[in-house]
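Each of the next two complexes has chain A plus one more chain, namely chain B in the first and chain C in the second.
Here is the complex of A and B:
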């Protein structure tokens, strides 16, 4: 009898637990570091977390799954013509805007043409030369002026706004409207203090897993994590630094979620300044650096060693066959430099080039970023035994940017020897190799090292115009091999993305490869 | 009086010009900040279009004339980072800042005056030594550090106060509960700001009182049998207040510039932090607007002080 009671008790208990596990979490307080203004496509502020928060209120035609591969979302099917220039999408039926109006192909046409008409830093560029036709309310036909291998990413990136509201907007750049089709409705903004989102119960992909999402703005990193520890917030978009991880991992009430991050940390060589014009010199420096050691000491192991081809090993575009840089012993490195004609002729411990200039260079890095400053210091130490001096200069980040990438225009040249630099996640997600490596500064908009390789240029153009994913993968493999060999810059590492959350409030976070836990699929289960 | 007003107008014009020039002399462009991290995704055409949209492709003198013209019409322009009219942005933050810095200024001045007067009266006593060393110690503490200590103690350990913000974001409170919520959020930032600024009023009051207490008329008052309390509050304090008034008026002018560090530590939505971020983000219109507001309030406080002095000290005539 007693056994029966215990079994019955356990049954009830497990039933209760099951119930609580599937029930919607009532409230999650997710701290963000800065304002996202009115949280519309034209007013959100940051790439991360801003765009991801925007996409809780708005939807795109496609969505990237947890592996970063786009799949249909507002559209239920996406067909591409064999030459890759005509994309035909059928929209999901019965979707409604937050104000109850039906969503149709007219909204898609309006939105895309809006981004074409009113320049948006992120959404306008990829839609250049795209024409939109709407044969009926559920069909959208997009014609591209040239095939693009990553147009599906554009479809997943571009939020659709309601035509019936935005066509009345006097100035889209400052227009404020909370109406989207997304899983969350924007119900309250208190400027500089917080945002309040409520679940859209009629969401086409199912009721969101959290009923109310409050986003308090906490600027200070220490205050953010103190508030998390004290239970005043449940999660933060701010990532944990490696030093903080141990402190959080020991706590039963906090869960640490981590995974690969697509933000890269690089050592830039000015390819137009001797001796960095010579790939052999760049390779000797690469050989002197212990990349594993950088990850171990600076990131406490919480990161991935940089691939010589730039592309992150977790990216679908990564070339598996790539070899890391050949490590050189001090003797080998010194011999290599001797053979290249760099000798210490005056015995001061620093080599000189044939025209007598000492191998002493300035290594720029931004102040206030301890990870990068440490990387710079370790690299300077690594090259010192070779008779090369890197003087580390930590400058205000704008000053560094102005010298490396004046006015964000690669055509305006550059004024530095060496710099620690980094590119944000979209560069990796899109595998924007043409931007990074093309010698024509109009195409190589991110080529801040002034790298030029004519053979590579041809491959870069071809991969940017192929419609075929396999073909692009093959070309990218080849490109990564050439880049690894030329070493125009060194990809040092990619820090892991580490988040801390309180599972008692909500435990359904999903890690999107390279991008983290702050995105639509953490709240919509499909 | 006309000369005085003319000099105020000249100072104002100079300040406006400097407010316009200084932000533009800093390295870097605001471009990164109306674009955000996505600057890596931009084409050159988009960059030029964006610069043109904000009128930043024009020569400096043209931008300056446009700014003056707009200002004359009462238009402070649009903030890049907030995408809202600068005036709206400033007015949203102003009440919070005044609540924080105003309360702290009143508290620190009152405490400084009372304790400073007592310390001077009991000059050299244990009380004087204790007050002096305590306030100097507090003054030398960085406010972010003191703020964090207070957070650790009162918000984390004891759980009496919230850690961040000016109100509880997820509670829709009304009436007394709302007021209580605001006060709870205000407590630690005000405490931090008050503690770190008391020493100003205290030191000025103490030394002024020391001077006054040595004057002949005090001895006269004492010798004619006025009680110690009467000497202190009827005779000495009134005259000792003059320098404190000066300090108070100066501080009053800077009330609107907020308390950047305290506002950051407590994520308080004030003007100090707003200005700090405007500087970081090269938000020219917002910087101009905030500087203008500060200029105006400093000038106004000066004017009030000028007028007030002739009242409280008949020796000064405007």
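Here is the complex of A and C:
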């Protein structure tokens, strides 16, 4: 018995020594909420975490560092012509695909032209009008039809697939091949149960930090965090909700990692429907809402108060000089509404416009999202003392989307008074202000409020074609100021991204600003 | 024994009805009265919810919603069931066949998926929920009442009344309605308890109106805001859960007693 104990101790000790020697975690179990099908560029399902997991198997020419700034990756150098239309990249030497074939510029040309030929919802748009030349096996020349300030983000976003495999694919949209250049090889998929990834020992950009990465699919949030507490998983892509933070922080075996999130929560005004056509009305409503209290109550303080210019204060594009909306006391707000001609003429406690219509509106929000329902309720309470009624209507998310953004096409108009809405992180990362605010719905693809300001349109067009970073920053500052004055919608808050992990299994997590800990650099030794 | 059970049932329903009518809540359930996520305290007996509303007041006001849905939906369902049942049973022949096939269809409709679909399609509101429940719950009472009418129609005194020229309305008023009222009452009670359960389930799944205070919506927020992970379930989940159970139990006990007295099949056993 004693001998057994000593042997066991030695075994454990040698295991620990091996562990510290290679410093590679043997196994990390990371729960994901839904299937990502075959995890290829055309079959993954979700933007988060799907794309980030895809990029463990595949690489792009660049990668965003922890501040969100693109750096060369498959490429070792990236040069831009002075007019911003010609991008010349030199590829790193001696990179091999998971099947041992060499990676060359032909793979880049093939991949980019594949996305141009076979439409992909994410990768095709930014590559429109781009031509690819390959003077030699290590050089790629990309010619853009117009200069773009965010083309480096495209280079960091677009996965490169192996030509020798994908050129034989009968239909890329359903083709299943696990071969990439990435730090992990996809070795097993059990549909609807788990994915198993293993370290690519020959990875060109450092050693993968984990030997085996298992991704079990756990659909339910409560089940996910129960599994984490019980030690059945080591981390989850699902973010922790604010009310759970205190409990998880109190446990010695669990570490809570958090930072700013670039997902936004907004109050949309339909700018084409009276009285929200008038920026003065929109500003009065903004002045009645206590944004700090929203963050304190709904997010328990774990979030950032919305900037009136939409851009997150942690973004490099944020305008530091921006003032928050002027807070109005109930008296000031009531006086402002009186002066604008909205009076309660029939004494029912609700103001009427000059044509006798009561200021009573429907505030849409999606029913599955308690944080947004609560935000809607708090806003309705805030405007009630002003004699304005917001009737909160919680509808299922497809119905809300269809009324706010029919078929995801801003040109199809809109059918709502007010809505709680949100944009995902890429809108913030790219500072896609032209999409958000341009009055031409073909350019303002995300302008779901129907906002129009001709002066602003000119600035939006200019920044979209300015490759120079400083110049673009100056234009974005000006744009944010105009938007803050016009208040076409109100940015309420950006919830923090909070993750819980078991550091005993793996502790190499790195927080990518605005996007969280699930990304390539968290799984590669830097 | 049986009467003791039905008295217990009546007491439960009476107490819940009292809560629903007088709503002895210390706070306005829509008002934020404290910090969010507070555990129970002398000020807030069941603590506060995710935006600082008093959970005890929410549960008290939820009683009103839940009982309202139960009683109104059940009444509508029974009225429809009585009309269809009496028509089918009295008219007979092709009318009977047609109506009973409709009943068959409604009976075999998979209940919860349809509720989810209709709830999503029509949008969540109390009226939708009541209408949908009523539209799906009338079939069983219709069937039971039809069979009772078939029996009545062939009773000697009813046939006699018919033979001496009694009109349909006369027979209905004097013989049929009095005979089916107890049966309908028993069915009403059964349907009401199902309706309360269904309303709570829909609200819990987020398919009800999340702005309305009901037992189901209290449970919805408890689940959505981590009550099962933090231990808050003791004061956030158990009380509305217990009230749902109590109300169903109350209705079941009363319904059981009523059915014993009114259902001809059960009366002699």
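In the analysis below, the second predicted complex is superposed on the first by the 505 of 526 C-alpha atoms of A that agree within 3 Å, B and C clash if a C-alpha of one lies under 4 Å from a C-alpha of the other, contacts with A are read in each partner's own complex, and residues count from 1 in each chain.
Following the convention adopted for this analysis, a contact is a pair of C-beta atoms (placed from the backbone, for glycine too) under 8 Å apart; a residue touches a chain by one contact, two chains touch by 3 or more.
The structure presented is a predicted model; accordingly, all values stated were derived computationally and were not measured.
Asks: With both complexes overlaid on chain A, does A:50 touch chain B (first), chain C (second), both or neither?
Replies: first
Asks: Does the superposition put A:298 against chain B (first), chain C (second), both, or neither?
Replies: A:298 contacts chain C only, not chain B.
Asks: Looking at chain A, which partner touches more of its residues: chain C or chain B?
Replies: Per-residue touch count on chain A favours B.
Asks: So, A:243: does it touch chain B (first), chain C (second), both, or neither?
Replies: In the superposition, A:243 contacts chain C only.
Asks: After superposition on the shared chain, which partner residues are touched by A:396: those of chain B (first), chain C (second), both, or neither?
Replies: Touch partners of A:396: chain B and chain C.
Asks: Now for A:226: first (chain B), second (chain C), both, or neither, which partner does it touch?
Replies: Both partners, chain B and chain C.
Asks: Quick check on my understanding: which residues of chain A belong to both its chain B contact set and its chain C contact set?
Replies: Correct list for chain A: 222, 226, 229, 396, 399.
Asks: Given the complex with chain A, which residues does chain B contribute to the contact?
Replies: Residues in contact with chain A: 26-29, 31-32, 34-44, 46-47, 49-50, 53, 78, 81-84, 89, 92-93, 148, 151-152, 155-156, 159, 162-167, 169-170, 264-267, 269, 273-274, 277, 282.
Asks: Can you list the chain A residues touching chain B in their complex?
Replies: For chain A paired with chain B, touching residues are 27, 29, 34-35, 37-38, 42-43, 45-48, 50-51, 119, 121-122, 124-125, 128, 173-174, 190-194, 196, 212, 214-220, 222-223, 226-227, 229-230, 232, 396, 398-399, 401-402, 407-409, 411, 423-424, 426-427, 432, 435, 442, 445-446.
Asks: Looking at the complex, which residues from chain A come into contact with chain C?
Replies: Chain A reaches chain C through residues 222, 225-226, 229, 241, 243-244, 247, 297-298, 300, 367-368, 370, 373-374, 377-378, 381, 392-396, 399.
Asks: Given the complex with chain A, which residues does chain C contribute to the contact?
Replies: 32, 36-37, 50-52, 120, 123-124, 206-207, 209-211, 220-221, 223-226, 228-230
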